[in-house]
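Both of the next two complexes hold chain A, though its partner changes from chain B to chain C.
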Partner chain A sequence: MPSWAEFQPYIVTGLALGGLYALSGVGLVVLYRATGVLNLAFGAVGAMGAFIAYSIIQAGNPGWLGWITCILFGGVVTLGYGLVFGPALAGRGPLVQSVSTLGLALVLFGAIDLAWPTTGGQSPSISFPTDNGGFSVGQLQVNWTQVIALALGIVITAGTGAFLRYTKLGTAMRAMANDREITATLGVPVRRVEAAAWLGCGLLSGIAGIMLADLSALDDTTLVFTVVISSLAAALIGRLRSIPVTFVAALVIGLVHDLITPINSIANYQDMTPFVLAAVALLVMSRGQVMTRSREEG
Partner chain B sequence: MNRSVHWRSRTTAAAVAVVSLGVLAACSSGSSSGTGAAATGAASSASSGATSTGSASTVSTSSCGTKPGVAATGTPINLGAINTKQPGTDFSDIENMTGAYFACVNANGGINGHPVKFFPETEQTNPSQIASLAKQLVTSDHVVGIAGSSSIIECSVDSAYWKSVGIDVLGAGIDPECWSTPNTASVNMGPRYSSDGAVQYVIANGATKIAFDQSNVPGTTYIAGGPNALAKAKGVPIQDFTENVPITSANAIATKLVTAAGPSGAVVLNFTPPEALLILQAAQKLNLEDRVKSWACSTPCNTDFLATSLGPKWNDKLFVNAELTPLDGNTSSTAELYDAILKQYGSDVSGGVGSFSEMGFVIGEIATHALETIKGAYTIASVSAAFKAVTSYNTGLLCQAFTYGNYSEHIPNNMDYTVTPDNGKFVEASTGGGCTLISANDPQIAAYRAIAGTAPAVG
Partner chain C sequence: MIDTAGPKAPAQARRGPGLERRVYIRAAVIAVLLLLALLVLPLLMSAYYTDTMTQVAIYSIVTLGLGLLVGRVGLYSLGQLAVLTIGAWVGARLLFGTGQPYILVLIEAGLVTMIIGSLITLPALRLRGLYLALITLMLAGGVTVIEATINFPNGGGGFSGYNGSLLHIPQIRRPSFAGTDPAFYRFSVIVAIVMFLLVFAHLKMRPGRAWAAIKQSEPSALAAGINTTFYKLWAMALAAFVTGVAGALLAGADRELFSIDFPIQNSIELLAVVLMGGAFALTGAVIAAFLQAFIPALLQIWGVPNDWLIILFGIGVMQVLATAPGGIADQFPKDMMRLYRRITRGRSRPAAAIIGSGGAAGPPGTGSVSTGPAGNGGGTA
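Right, the complex of A and B next:
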């Protein structure tokens, strides 16, 4: 078993990844609460945005143009999907709505493979200027990109919580989460509120895509699947409802995933972290639910 | 009631999510294994799209044949090859460059007047598909030889079949069977011996501990066997790691490797270029590159793209094993012919100048040389005999003279270069970067030399 000192560097890398999983998880929860849709295309949209950003930067344009394009691409594609397919699928169950987004994910995944084929041994990558600066905490090296990733997770979680609680649009989203039909009867513009949720989720997918392309890899498989698995697991632990719990769960997933790295005997299983944590959390929560019901019925 | 509906809805959503997680995880791991497999395959070589030989194509392609400018019109000599070509793993540049070489030969007199009719096939690591392709080449296409194969699993799948029909293969190997069977000879060194080269270089330059990391794919134990034997013989501790690919947490991996190697140690990587680049870039972002004495890679890192992406911080810090002659600034006649053929006939070589196309060129060279020695009919027997008879042939792009020979195993390329980044290109390392024999402390190398001897250096 590695010593505590050997674990310490992974706290930094794990928190940075956790911060991005958190903002992704928050995006998924907000959309689910407003529309009832689990957006499984979250990672794919961000991935394609990141590849577009890469091409823009490779063409000699400034980095910021690529980053902004990635974020806007996420917003536009997700909003477009929500506007076209959202109303059509609104009456269907969560299974149909979620599988439909999986379809979008697979279409984008294929498109990325077509547009950016991995031939010739070359590999695309994205770097931020903040990669080259940072500070030390004892023996730990921290770069500014890692700090930004964690800060984004915190700010977006807090901001989203405040938005849902204190703004009219946020209140409408919360109302729709409770009962969509009653909310519509009360005169809330349901379509507009849903569109805002799709747009917000899309913008977050763009942010997550571009950040993870730097912190993790500009790789379609990684961005399409890893992000969704980890952030969906966090959202599940938050029961697709609680933003603070989703945030904490995302940080724990990022931390546990990276803290496993120096333990050679299980290091190759670290990609199971989100799945295992989500399964355990769901089992514990469902057990608690059963016990509560038993007490109520007894 | 309402609460119950909400609970049911959330439960359904959670169930969908759990199922989705499983599906996504399966998709993810499926893709990973595809890329992981790539980690093994491409560990034998990598191509570069940016390298330049520095030549101005002063050598005409007419020098690849015996009758310049005269197209061959005789009965064709049918040759075939099988390369892996799938998303994330594409070795087809090898057979495409071999095909380009044959096209050049055909346009300049052919082989004793006969053109080569080349049947390049591609596979997607499906054993039944690969076995079918082999049979198709022999029974439908009537090939009399195999030259230019490079596949993740083709050697292990087809070796017995080739033996049964009497074919001796000339290719660029990847799986262990490509070096351990009597009827296959590879122009490259493959992941094990290339990793050997990287490890022996860092040990020779004073590394006191080694962290050896590679993709978590089948065959890693076999590959690690070489570096471990070399390190053990020199009394240098070595720690083996494997990573699931595609890599999702490069920062953590870079940190782990640097910690394991220590300040006077070395990190040695055996990955495809994209995965190696991720780890090296992560080390750079975390300012870890100077926390060890040196970094090294097996051949795949030898692409100018990687050198360009890393920047000058890695000059004389990263050392990459090179199985074939470095091309940057190479003005030899062979390098110029390679460049000329690539330009005139290599439109299908998507990666351009680089190790893959170098291997394809060398295979074309050796095959042409062998076929020219045949006086009678071109049959499987005569072509195989000609391949096996190739002895001490100077390809111009390998350190050693190439010998196929009638041996129980074949590791004809067991002498390497070491290169290091230099302003976006890879150049021969100034200290000990020239042709160096792979140490016989690797028992496989020792066994081969015991039966085949040590070919002389020509590079």
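Right, the complex of A and C next:
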């Protein structure tokens, strides 16, 4: 067993990663509650945005242009998908709607591989100016990007919670999570509220994509699948409903995932963390519950 | 194909003799196609296509299992490729470690995979559909990680049967009667037929009716006295069994297995092709297998990057779910019928057809709903 000192640096990276998983998980939960769709293309959209940002920066443009493009790309693509397929699949149930987003994920995944083929040479990467600056706590080096990642996770979780509670749009989203039909009858512009949820989820996927490309790696398989699986696990532990639980679960997943790194015997299995934690959580939570309602709601 | 076969006297009699005849014709067509596939094709195919068609036969078992889950029971599994690799792993390990007959190994691999698959999905089966899909997606990720770490057996010792420092890697053995590629192709087709019959028999009997009830409405099925968890587990176990058999078959077909050959996106691709092929008919499984194993081989010859296929599958999934839930197996005959009608109608007034094809969107009513995968499948099926 490694000593405590060996674990310390991974607390920082784990929390940073957890912050981004939290942000992603919250995006997934909000969209799911408002529209009934679990956006499985979340990671793919962010990944494509990050690759576009990489190309923009490679072309000699300033960094901020790439970052903003990435975030906007996430918003536009996700909103576009939502506008086209949201109404087309409405009423087909969350399962079909969510599987359909896998189609978008496949399209983007193929497109990324096609446009940015993996070659033997220098692998693409994205770095922020904040990577170099930082401070130290005791012997721990913390850079500003990690601080930003965790802060974004906290701010967006808290912000989303407040948004859902105090704004008119947020109230409409909560109402739609309960009953879409009744909400529509009460005069809420359902399509417009859904579009807002898609846009929000897409912007978050762009943010998550660009940040993870820096903190983790600009690699399509990692960005498309690991991110989705980790934040899905967090959302799942939150029962696709609770934003605070999702936040905590995401932090735990990020922490456990990184803290395993120095333990040699199981380090290779660290990517299984979300699966194991979600499976255990589901097992514990499903005890004594009979969930055979035909209507699937969170 | 499913509902009409078999003598069910009174109901059948009322539906008239035309249906009976159609069933016989269909059975005869299938039999002829199978005989062609078994006897004639191996003589005509080059080594490359023999390999490819072996893969098609094997993957048809996999898509059969997944189609059963998706189409018959309504369980969307994203981890079926992981199940396949478990079967391949167990099969390879047994083939290296023991001298048992190959067919026995096939069954054993199926059984072990069935047990593992059931145990893993058991917690999720109590949950509703979406959760199951998510858990199986994570399962796919988890299994990928495990396999990348312990690797596939390559003739080494110990539990994993992997030895990274082997200089000469022995090939996975094949049955003595199917040592050559054409013989192994025939063997794979026969195993696939047996698996299709196994699933077909299940569908015709009590489990099939229970699954149909569960798919319609779980509460109603529960109210009708069906143990829904048990039958869902049964479907999962059956699918895992046939997929495990396919995995052991794959071990013999490929002769050496590498975890890098089973990336996680293939799990999603697999669900995509099953949905595109058509999850509600057994023919859909065959179409799906062609999409999964044949078209990539074709693209490789043509020098087209496989990524285009992934993009196409993605579009196909969205299109199928949005407009043609029955997939190619259901949509293609309908489209052909519509085309036939349009051609026969077009003969009487050709001017309208020319105007219609000139516009970008075409007038309503003439535009076919399903052009993407249905048209694409038309060339291959």
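Basically, the second predicted complex is superposed on the first by the 286 of 298 C-alpha atoms of A that agree within 3 Å, B and C clash if a C-alpha of one lies under 4 Å from a C-alpha of the other, contacts with A are read in each partner's own complex, and residues count from 1 in each chain.
We take it that a contact is a pair of C-beta atoms (placed from the backbone, for glycine too) under 8 Å apart; a residue touches a chain by one contact, two chains touch by 3 or more.
Just so it is clear, the model here is predicted, and its values are computed rather than measured.
In the superposition on chain A, A:85 makes contact with chain C only, not with chain B. Contacts of A:236 after superposition on the shared chain: both chain B and chain C are touched. In the superposition on chain A, A:113 makes contact with both chain B and chain C.
When the two complexes are overlaid on their common chain A, residue A:281 makes contact with neither chain B nor chain C.
Contacts of A:251 after superposition: neither chain B nor chain C is touched.
Judged by the touch definition given at the top, the superposed model places A:221 against both chain B and chain C. By the touch criterion stated above, A:164 is placed in contact with neither chain B nor chain C. By the touch criterion stated above, A:150 is placed in contact with neither chain B nor chain C.
By the touch criterion defined above, A:104 reaches chain C but does not reach chain B. Within chain A, the residues touched by chain B in the first complex and by chain C in the second are 38, 40, 93-95, 98, 102, 113, 221, 225-226, 229, 232-233, 236, 240, 268, 271-272, 274-275, 278-279, 282.
Taken in their complex, chain A has these residues touching chain C: 38, 40, 85, 88-89, 92-96, 98-100, 102-111, 113-114, 221, 224-226, 229, 232-233, 236, 240, 268-269, 271-272, 274-276, 278-279, 282-283, 286, 289-294, 296.
Of all the residues in chain B, the ones that touch chain A in their complex are 2, 6, 9-10, 12-14, 16-18, 20-25, 27-29, 31-32, 35, 42, 46-49, 87-88, 90, 93, 216, 241-244, 246-253, 255-256, 259, 272-274, 277-278, 281, 284-288, 300, 303, 305, 309, 350-352, 354, 356.
Listed in rising order, the residues of chain A touching chain B in the complex are 6, 9-10, 13-14, 16-17, 32, 36, 38, 40, 93-95, 98, 102, 113, 117-123, 125, 127, 131-132, 134, 141, 143, 145-146, 178-179, 215-217, 219, 221-222, 225-226, 228-229, 232-233, 235-236, 239-241, 257-258, 261-262, 264, 267-268, 270-272, 274-275, 278-279, 282. Taken together, the chain C residues at the contact with chain A in this complex read 74, 76, 78, 123-124, 126-131, 133-135, 137-139, 141-142, 145-146, 148-149, 217-219, 222, 228, 263-265, 268-269, 271-272, 275, 305, 307-311, 313-318, 321-323.
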